[in-house]
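In the two complexes below, chain A is the common chain; its partner is chain B in one and chain C in the other.
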Partner chain A sequence: MFILVVGGGKVGYYLAKELIENGHEVVIMEKDHSRADQITDELGSIVISADGCEGTSLGKAGCARADIVAAVTGDDEDNLVICQMAKHHFDVPRTIARVNNPKNEELFHHLGVDELASPTRMILGTIEQDIPVQELLHLATLGEGRLELIEAHLQADSPAVGRTPSQLAMPEGCALFGIIRDGVAVPLTPDMALRESDKVIAIGNKACERALHLLLIGATGTDGVAGA
Partner chain B sequence: MLETQTPSFRRAVVALNGGRSDARITRIACELARANRAELVAVHVVEVSWSQPLDADIAGHSDEAQRVLDSAEEIAEESKVIIEPVLLQARDAGPALVDEALERDADLLILGLPYRKKFGGEFVIGRTIPYVLKNAPCAVWVVREPIPEGAS
Partner chain C sequence: MKIVIVGCGRVGAALAESYDAAGHQVVILDISTRAFGRLASTFRGSAVRGDGTDEDTLRRVGAEDADVFLSLTEGDNRNVMAAQVAAEGLGAKRVIAKINDPVRAAAYAELGLTTLCRTTLVADAVSAHLGLPVSGQSGIRASSGSRAGHGRELHQMYHGGSGETNGETGASAGDTTSREA
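Up next is the complex of A and B:
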C-alpha cells in the first residue's frame, strides 16, 4: 500500500518507520525543514519538506494515488483540512486523523474523516477502565467510523443486573457479545444473568448509544460515552 | 611540493545529469581511466516524482535518458575506453548514486556541476552534490563548469 503520512513529529516518524518495516511504500510530509532533514538522515529519501495543508504540496507528494492518508500533526485543524482535501479533492479511499481534543471528534466524523485516533481519549479510557463510571466507555471505533466498541460497567443500581440478554430490549443496530467477569472474558449467552461489576462489551452504531446507556447504566450519571 | 602524478583509481562512477557538464566529466574520466587502466560506469538517474510509483516504466521509454548514455559511450569510444552505461530510477539522485558506488565498490565518484545562480545572484549547488559529498564512502570529484561570460 502507498501511505502518505502528514506530520513528521514523533507519531509520524514512528508510524512511517513501522509501515516501512511492514513493507509499505511511505512518504512523510513535514513543513519544518530541519526536522525533515533529520528524518531523511534516519529513514532515507521518503520526506517531502512542505506544508500538507496546501493542495499543490499534497499533489506533489502523490496524494492522488495514496491508498491511505494519515494526518498526524499536533494540530487538529490542520489534520482536518488535510483529510478533507485528501478525501474530497484527491479521492483517497481512507483518511485517518489524529485528534488531540476529544471534543473535535464529532466534527471530524461529520466532515467525512474515515477514522480517528485520539491519544487523549485512549489515555482517558485507560484511566477510567478500573474506576466505576456512570457512563459507557468507548473502547474503539470500527467499521470506518460507523461503529463503536463500548463497555458498560454494571453497578448495583443498573437495570440490567439480574436480567439475561434475552430479557433486554436491545436497540436496533446494537449487540452485546461478551462480558468481563472477575477479570475473565466470557462469551455472552442468551440465558446468562448479568451481575453487578460485570463489564458488558457491546458493539453498535452511534445512534443507539443513548438507548444502550438507559438499558445498561440507567438514567443516573452522565448520559454519554467516556473515552478510551 | 606540487604533486604531478596522475590521480589513480580502479573503478569510477561517472554521474551524468543530462546537462552540459556531462561531456566534460566523461572526457576527464576517460583520460584518467586509460592512464590507470580503470573501469568506468556511467550512471544516469531518472528521478520519479511521488505522484508516480517508483517502478513506473519511465526511464526505459525516455529518449532523453538514452541520449545521455549514448553520448557518454561515444566519448568513451573516441578515447578508446570502455564505459558501462547504467540507467536508474529513483526518488532522489543523490542516494541512488551513493548506492550505486557502494554496490560497484567504486573508489571514485565524479559529478558535474553547472554554474547557476538564483534570481538575486546566489550560487546554486542543488541537493544531489551536498548529499553525495556527505554520504559517499569513496572519493568524490565535483567538476564545476566555467562561469559563462557575463554571468560573474
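Up next is the complex of A and C:
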C-alpha cells in the first residue's frame, strides 16, 4: 500500500520506519527542512520537505494515489486540515488523524476523518486500568467512534457473579466475547459461570453502557455510574 | 448582534472596536493577553484569554448563540478548526474563517465554510490600483457547497437532536453562512 505520513516528528518517523519494514511504500511530509534532511539521512529519500496542509504540496507528494493518509503532527488543527484536504480534495479512501485533545475526537469523526489515534486517551486508559475501580473501563473505540470496547472487573457483589452469559439479559447492540481470568484470556461460552475478579470484555454502542454497568457491576457501585 | 472574534491581531482588534462602538455585543479571544494591548481603552466588550479551537472555551464565551463568528488568527488551520467547531458543533449563525492559502480557501468554501483570503484580497487590490488585471476570484468566498454535509448531524449530536429550534439552526449552520455572506 502507498501511505502518506504527514509530520516527521517522533511519531511520524517511527511510523514510517515500521511501515517500510512491513513492505509498504511510504512518503513522509515534514515542513522543517533540517528535520526533513535528518530523516532522509536515516530512511532514504522518502521525505518531501513541504507543508502537508498546503493543497499543492499534498498533490506533489502523490496524495491523489495514496491508499492511506496519516496526519501525525503535534497539532490537532493541522491534522484535521490535512485529513479533510486528503479526503475531500484528493479522494483518499482512508484518513487517520492523531488527536491530542480527546474532546476533539467526536468533532473530527463528524468532519470526515476516518480513524483517530489519541495518545492522551490511551495513556488515560492505561492509568485507569491500574486503579481498582468498580466501573467500566474503556479500552478502545471502534467502528468509527460508535462502538466501545469495554472491560468490567467483577467484584463479589456483582449481579453477574455465578451466572452464565445465557442467563444475562444483554442489551441490544452489545456482546460479551471473552474474559480475562487469572491473567489468561478465555473465550466466553454460553454456559460458563462468571466468577469474582473475572474481567469481562464487551463490545457495545455508547447507549448500552448504562445497562452493561447494571448487569456487570450492579447498581450499588462505590459512586454509582461514574463510568457511564 | 452578538459577535465573537477569535484572534486579536490588527484586523481582529480593529473590527472588535468598531463593532463595539456601533453598539454590538463583542467578545474577542486570543491565546495571549498581550494581544489585547491592541484594543483601545474605550473598548467595552469582553476580551478573553483562551484557545479559540477549544470547544469548551468557545462555549464559555457564548459562541453557541453568536450571530457572527470571525476566525482571524494567524494560523489558517486554527481558523479552519475554530470555524468548524463554531458552525457545525455549536451552531453559530454566520461564520467566516480567514484562510490565507488560496487553495485551502477554495477547498473549504466548497466544504461549506465562508472563507476570507488575504492573499487574494491584497493581490487584487494591488493589481486594481495599478490598473492591471485582477485574479477574478473573490477574496471572500461564500461557501459554494456543503460536500461535508454533516452540519445537521453534528449539531444534533451536540444538542441531543431534540426540539425544533435545534433542527432549524443545525440545518442552517453550514448553509446560512454561505447565502447571507
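Convention: the second predicted complex is superposed on the first by the 191 of 228 C-alpha atoms of A that agree within 3 Å, B and C clash if a C-alpha of one lies under 4 Å from a C-alpha of the other, contacts with A are read in each partner's own complex, and residues count from 1 in each chain.
As a convention for this text, a residue touches a chain if its C-beta (ideal position, glycine included) is under 8 Å from a C-beta of that chain, and two chains touch if they have at least 3 such contacts.
Computed from a predicted structure; not experimentally measured.
Trainee: Report clash or fit for the pair chain B and chain C bound to chain A in the combined superposed model.
Mentor: fit
Trainee: Using the touch criterion from the header, give the chain among chain B and chain C with more contacted residues in chain A.
Mentor: Greater contact footprint in residues on chain A: C.
Trainee: State whether A:25 touches chain B only (first), chain C only (second), both chains, or neither.
Mentor: So A:25 only meets chain B here.
Trainee: With both complexes overlaid on chain A, does A:106 touch chain B (first), chain C (second), both or neither?
Mentor: second
Trainee: With both complexes overlaid on chain A, does A:53 touch chain B (first), chain C (second), both or neither?
Mentor: Second partner only, chain C.
Trainee: What angle, rounded to a multiple of 10°, is defined by the Cα centres of chain B, chain A and chain C, with the middle one as vertex?
Mentor: For this superposed arrangement the angle is about 80 degrees.
Trainee: Look at A:10 in the shared chain and tell me whether it touches chain B only, chain C only, both, or neither; answer first, second, both or neither.
Mentor: Neither partner.
Trainee: If we overlay the two complexes on their shared chain A, which of chain B and chain C does A:33 touch? Say first, second, both or neither.
Mentor: Touch partners of A:33: none, neither chain B nor chain C.
Trainee: Between chain B and chain C, whom does A:62 touch in the aligned arrangement: first, second, both, or neither?
Mentor: Only chain B is touched by A:62; chain C is not.
Trainee: Of all C-alpha distances between chain B and chain C after superposition, which is the least, in Å?
Mentor: Scanning every C-alpha pair, the shortest chain B to chain C distance is 17 Å.
Trainee: Can you name the residues of chain B that touch chain A in the complex?
Mentor: 49-54, 90-92, 94-95
Trainee: Could you pull out which chain A residues touch chain B in their complex?
Mentor: Residue positions touching the partner: 2, 25, 27, 44-46, 48, 59-62, 64-65.
Trainee: Over in the complex, which chain A residues touch chain C? Could you list them?
Mentor: Touching chain C: residues 53-56, 75-78, 80-81, 84-85, 88-89, 101, 103-104, 106-107, 110-112 of chain A.
Trainee: Flag every residue of chain C that touches chain A in the complex, lowest number first.
Mentor: 53-56, 75-78, 80-81, 84-85, 88-89, 101, 103-104, 107, 110-111, 147-148, 150, 153-154, 157
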